[in-house]
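Below, each structure is written out as structure tokens.
In what follows, subunit A forms one complex with subunit B and a second complex with subunit C.
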Partner chain A sequence: MRFKLKKTYMEDIKLFPDKIDMAWYGLLLIILSIFPLVAGHYWIYNLTLSGIYCIVALGLNILTGFTGQISLGHAAFFAIGAYSVGYLTTTLGWSYWIALPLAGISAAASGLVVAVPALRLSGLYLAIATMGFGFIMEQVIVQWKSVTGGANGLLINRPSISSWSLSSDGAYYYLVIVMVAVFVLLTKNLTRSPAGRAFVAVRDSEVAAQTMGIPLARVKVQAFAISAFYTGIAGGLFAPLINFIGPDNFTIAESINFIVMIIVGGLGSIHGSIFGAVFITLLSEFIRVSKDFIPAFLREQVGFQTAVYGLVLMQFILFEPMGIYGRWLKLKYLFQVFPLYRKDTFRRVRRFQRSERTR
Partner chain B sequence: MALLEIQGVYKQFGGLKALAGVGLEVEQGRAHAVIGPNGAGKSTLFNCINCIYRADRGTIRFKGKDITGLAPHKMPRIGIARTFQNVELFRNATVLNNILLGRYLHKRTNLVSEALFLPSVKKQELEARRKVEEIMDLLDLQAYRERMVAQLPFGIQKSVELARALALEPELLLLDEPSSGLNPEEKQDLCFWIEDIKEELGITILLVEHDMRVVTEVAERTTALDFGSVIADGTTEEVQRHPDVIRAFLGEED
Partner chain C sequence: MFWQLAISGMALGCVYALIALGFVLIFKATEVINFAQGEFMMLGAFVAFSLLNYGHLPFWMSVLLTLFIMAGFGAVLDRVVMRYLVGEPVFSMVMFTIGLSIFLRSVAGMIWSTDTYTLELPYGNAIVRIGTVVLSGGDLLVVGATALLVALLFLFFRFTDLGIAMQATSQNQFATYLMGINVERVFSITWALSALVAAVAGILLAPILFLHKDMGFIGLKAFPAAVLGGFGSVPGAIVGGLIIGVSENLAGGFLPLWVKDIFAYIVLIAVLVIRPEGIFGIEEKKKV
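This part shows the complex of A and B:
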């Protein structure tokens, strides 16, 4: 059993609650940094991809999990990031290190554009509006050939730091891991400062948020822009990873994929974003690998993978609305109170995801 | 000059005249009660003062400045805080975070410095926390600091809401039925707290209240409303003995 006695206000603000936690995160960091030395290309690639999706999930969680504004158009921001990098580096020949921040900024700017009309909408209507934005973006990618290369797509090379090229999967993996760490830190900072609390306030009660002097419109626009920025950066990291981007990479299915990540991982939590992104990325690989063992009439069905996602999502909403993070918390609690837990401690209580139907 | 002056405020919802020319004045440093039977227009008046509704006619002046029709989120900045009859809290946040949100108004840092958590943000957080702890001490909320609001009993939720309003450091505090849903002990506590808020923090209080015992105990002045207009205004004792008020509450004797 572990009992923590807090002695200063600082202990509620610190990044790591105590030394034991710090040690665990240190261990994680060590494992992640020696990972490329022992693992094969396949696994390095998958973990890099998971890392990129982690950044997207963090961004989407800020918007949907913390601020309560759903978005079904995040693939569009992802695309804006990816194509910004593609256009600036391949067509204009700029340095990747200038193109990457610009990818984030251009996505954030389009986030602002989407946010202004979205302010008047909520719930289902907001979902439809953002989805519409996603569809518009898909068309723009196909039609705006001079920038996006249309249906032919765009080739993007991996960047280098002076003479050190990041073209190998291992080197690129380190870049992504560093970026993930940076964005986790940024998100953590937001959630422990007034900005993050304002997001949660807008989600939980708009009336009360107003009486606290929180300008609703501004906070929602901020959330949209920040979320789009994260997603744009992730897009900028995604393009060089897969080397070739086309309209197929940024469809509505991708947007739904992002939403599934944060719901399965845990809405409104940083851990949840990471768990969800890694879980869903590895799940799609798992589905691909396990196809060999599935009867032919099933695996050759169109949309088999999407169906599995749907099934997973349903199970989580029904049985663990707090996502993998909720499970994680329960597991941690079990170890903390061991051996004093009771059978009923973990009994499932009927609770529903906060959504339109609870309003 | 009165802190809050309301003159000839009208508010109509379709065919229903909720307020028909209400006027009242709240003096600095007083506790002022608004009473009246159900549907008298008390909550509408509150929402008009708070600019959640826009008054059809009439003016509301705070510290001599016309505040009619401002955006609701500007209210705390000019010094008006409020609580709700059926608590409006951030249900999925801890008590601590709820009250800390009351300090949002007093933040001086911007989004970028918060994302980087610069030392200035850290200092501000610690300051806010100190202030919040003071308020928690006043309202006896220390035991619930880390608890989720949604799991707390109604009485405690009401205290949290009061604490959150106090964290704004307002000059005028609007309490919408602060004692509804409380048990007798909690009501007694509430009376003490209102007294403390008035005496020690120097905050003027305007409250809508049904419980006459609470009104007699805390309010120096009372305004009685019925059918959207003022039927009596004066010291609490005067108003309680006023024949129109008795008629409005208890009905005609025949």
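This part shows the complex of A and C:
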């Protein structure tokens, strides 16, 4: 059994616990950077898409996993990011490198607007209110034709850095991977900082957080704005990737998809966001690969993939609410304490009538 | 014009009210929030449709049989999965039932394909004129059936032992348990009742709107209705549903048509900002 003795607080919040860890992440970075040289276009595209969803999942995890505020309307922020880039580059002809930060900022600004009424709500009410916001935004996209192109959508070209065009899938992949790395680092630093600790405190107990001197309202608004910023940037990366955006890309199903990612990956963890986003984006691929093992009458069905998707979500909530990352942690713990692991180590205690009506 | 829109909105409002009633019942008894209520409604409508068209049963017989089947479905669902979610955080329950709704929708798509069907109600094409207002028989039937169902539910909750046991469970599960009431059985019965109400809503909605695997999305509009009435209040769900149905139809008539689709959510956000506890809700104090 390996036991790490930490002597100072700074040691506890170090970016990498030890050199072995650092080596693993270095290896991952190397694999990711040589990936486009060996893989086909199809896989590069899929991994790029997963990368974009990783940023969304990180953002949503800050709001939902760390701060404990549900949002069923994140596709709206995603849309704001995507359409900001679309409008600024295609219609106004601005540079993508100015439009991308503006996409994040405009999403964050709308996050602030949403956060103010959301302050009074929690749990179920917040879920329904953000869902309503998502529906309203969907309708705004269809109706605001001068900016969004309405139901006809918008065409967006891939950007270039001076003369080097990012229009190939491989080149765009590198842009997205760099952005993912930046945002992972940003999130890691956020969770190590007082702001991130305040988020977690608010999630665990609002009353306790308040007694420790945390301004509840300000922290929640911050969480909303930061989360919306991430999602807006992801939207700004998404639009040039698929070249064409329309209202269909930003429905409630997309918002649900984002939440499913962080549930499947693991709520309140950075690893979890990445695992979940990659897993859900590649789920259809997994199904395609495993088709040989599925009886023919099932795999030919139209709704088979969505049925599996719904089942995966339900199974995770019933059997592994901590997601893939939680399972990984348990596995790691099993090996660390090897003969001492007991079945009940991670047992969930069921509490009846833990009512949130009076929270 | 005004009255015409108001009264035809009332028919849709009744359906919203019934769906909202369905999840208020479950929420009060078990504190589970059922986002799949709209899919229950869709299943109910499809079962009735199948019995009618493939089973060649008479209308009233197939409706009764549908109610039985759906009540059984609700009870089994509770016994098999939902019971294990009691006491979980709101977030897990919301996402679980969303997963359930996705699953049920795609299974319905497998069974009944993605075509749009029509379900005819008896007297659906009859026309009644009151002054300048023209009413269809279908709308009147919807309003009448809803009124009847609500009256029956009222009598059930007020005068039967089981109804009173259900009320007690919704107030305090633990105390109810100590009084010798089988709380788990009450949960199952609540789910059965809620699925039954949803089936009625589906059978009533299918003729006014359409019969399709995605018709459950209408169920999401019942959330504004329930919130407007005060979540967890049975009369609130009905009043909220009617208000949403009528005001939505009026908005569609007097404002640009696209406002109609999102009007319920605009009302919802306004209610949550101004008075989050709704019309009939009681403001609850925070406990540490």
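Just so it is clear, the second predicted complex is superposed on the first by the 307 of 359 C-alpha atoms of A that agree within 3 Å, B and C clash if a C-alpha of one lies under 4 Å from a C-alpha of the other, contacts with A are read in each partner's own complex, and residues count from 1 in each chain.
One rule holds in what follows: a contact is a pair of C-beta atoms (placed from the backbone, for glycine too) under 8 Å apart; a residue touches a chain by one contact, two chains touch by 3 or more.
Predicted, not measured: the structure shown is a model, and the values here were computed from it.
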| item | value |
| --- | --- |
| Partner chain(s) touched by A:Asp12 [first = subunit B, second = subunit C, both, neither] | first |
| Touching partner for A:Ala75 - first (subunit B), second (subunit C), both, neither | neither |
| Which superposed partner A:Leu100 touches (first subunit B, second subunit C, both, neither) | neither |
| Touched partner set for A:Phe304, first subunit B, second subunit C, both or neither | second |
| Comparing the two partners subunit B and subunit C, which touches a greater set of residues in subunit A | C |
| Which of subunit B and subunit C A:Val200 touches, first, second, both or neither | first |
| Which superposed partner A:Pro215 touches (first subunit B, second subunit C, both, neither) | first |
| First, second, both or neither for A:Arg192, with subunit B first and subunit C second | first |
| Overlap of subunit C and subunit B interfaces on subunit A (superposed complexes) | 207, 354 |
| Footprint of subunit A on subunit B - complex, ascending | 50, 52, 71-77, 81-82, 84, 88-93, 96-97, 100-105, 107, 109, 111, 114-117, 121-122, 124-126, 129-130, 133, 164-165, 168 |
| Subunit C residues touching subunit A - in the complex, by the definition given at the top | 31, 33, 81, 84-92, 94-96, 98-107, 109-110, 113-114, 172-174, 220, 223-224, 227, 231-232, 258, 261-262, 264-266, 268-269, 272-273, 276, 284-288 |
| Interfacial residue positions of subunit A with respect to subunit C in the complex | 64, 70, 72, 117, 120-121, 123-125, 127-129, 131-133, 135-136, 139, 142-143, 207, 252, 256, 259-260, 263, 301-304, 306-307, 309-314, 317-318, 321, 350-359 |
| Complex interface listing, subunit A residues touching subunit B | 9-10, 12-13, 186, 189-190, 192-198, 200-201, 203-205, 207-216, 222, 226, 268, 354 |
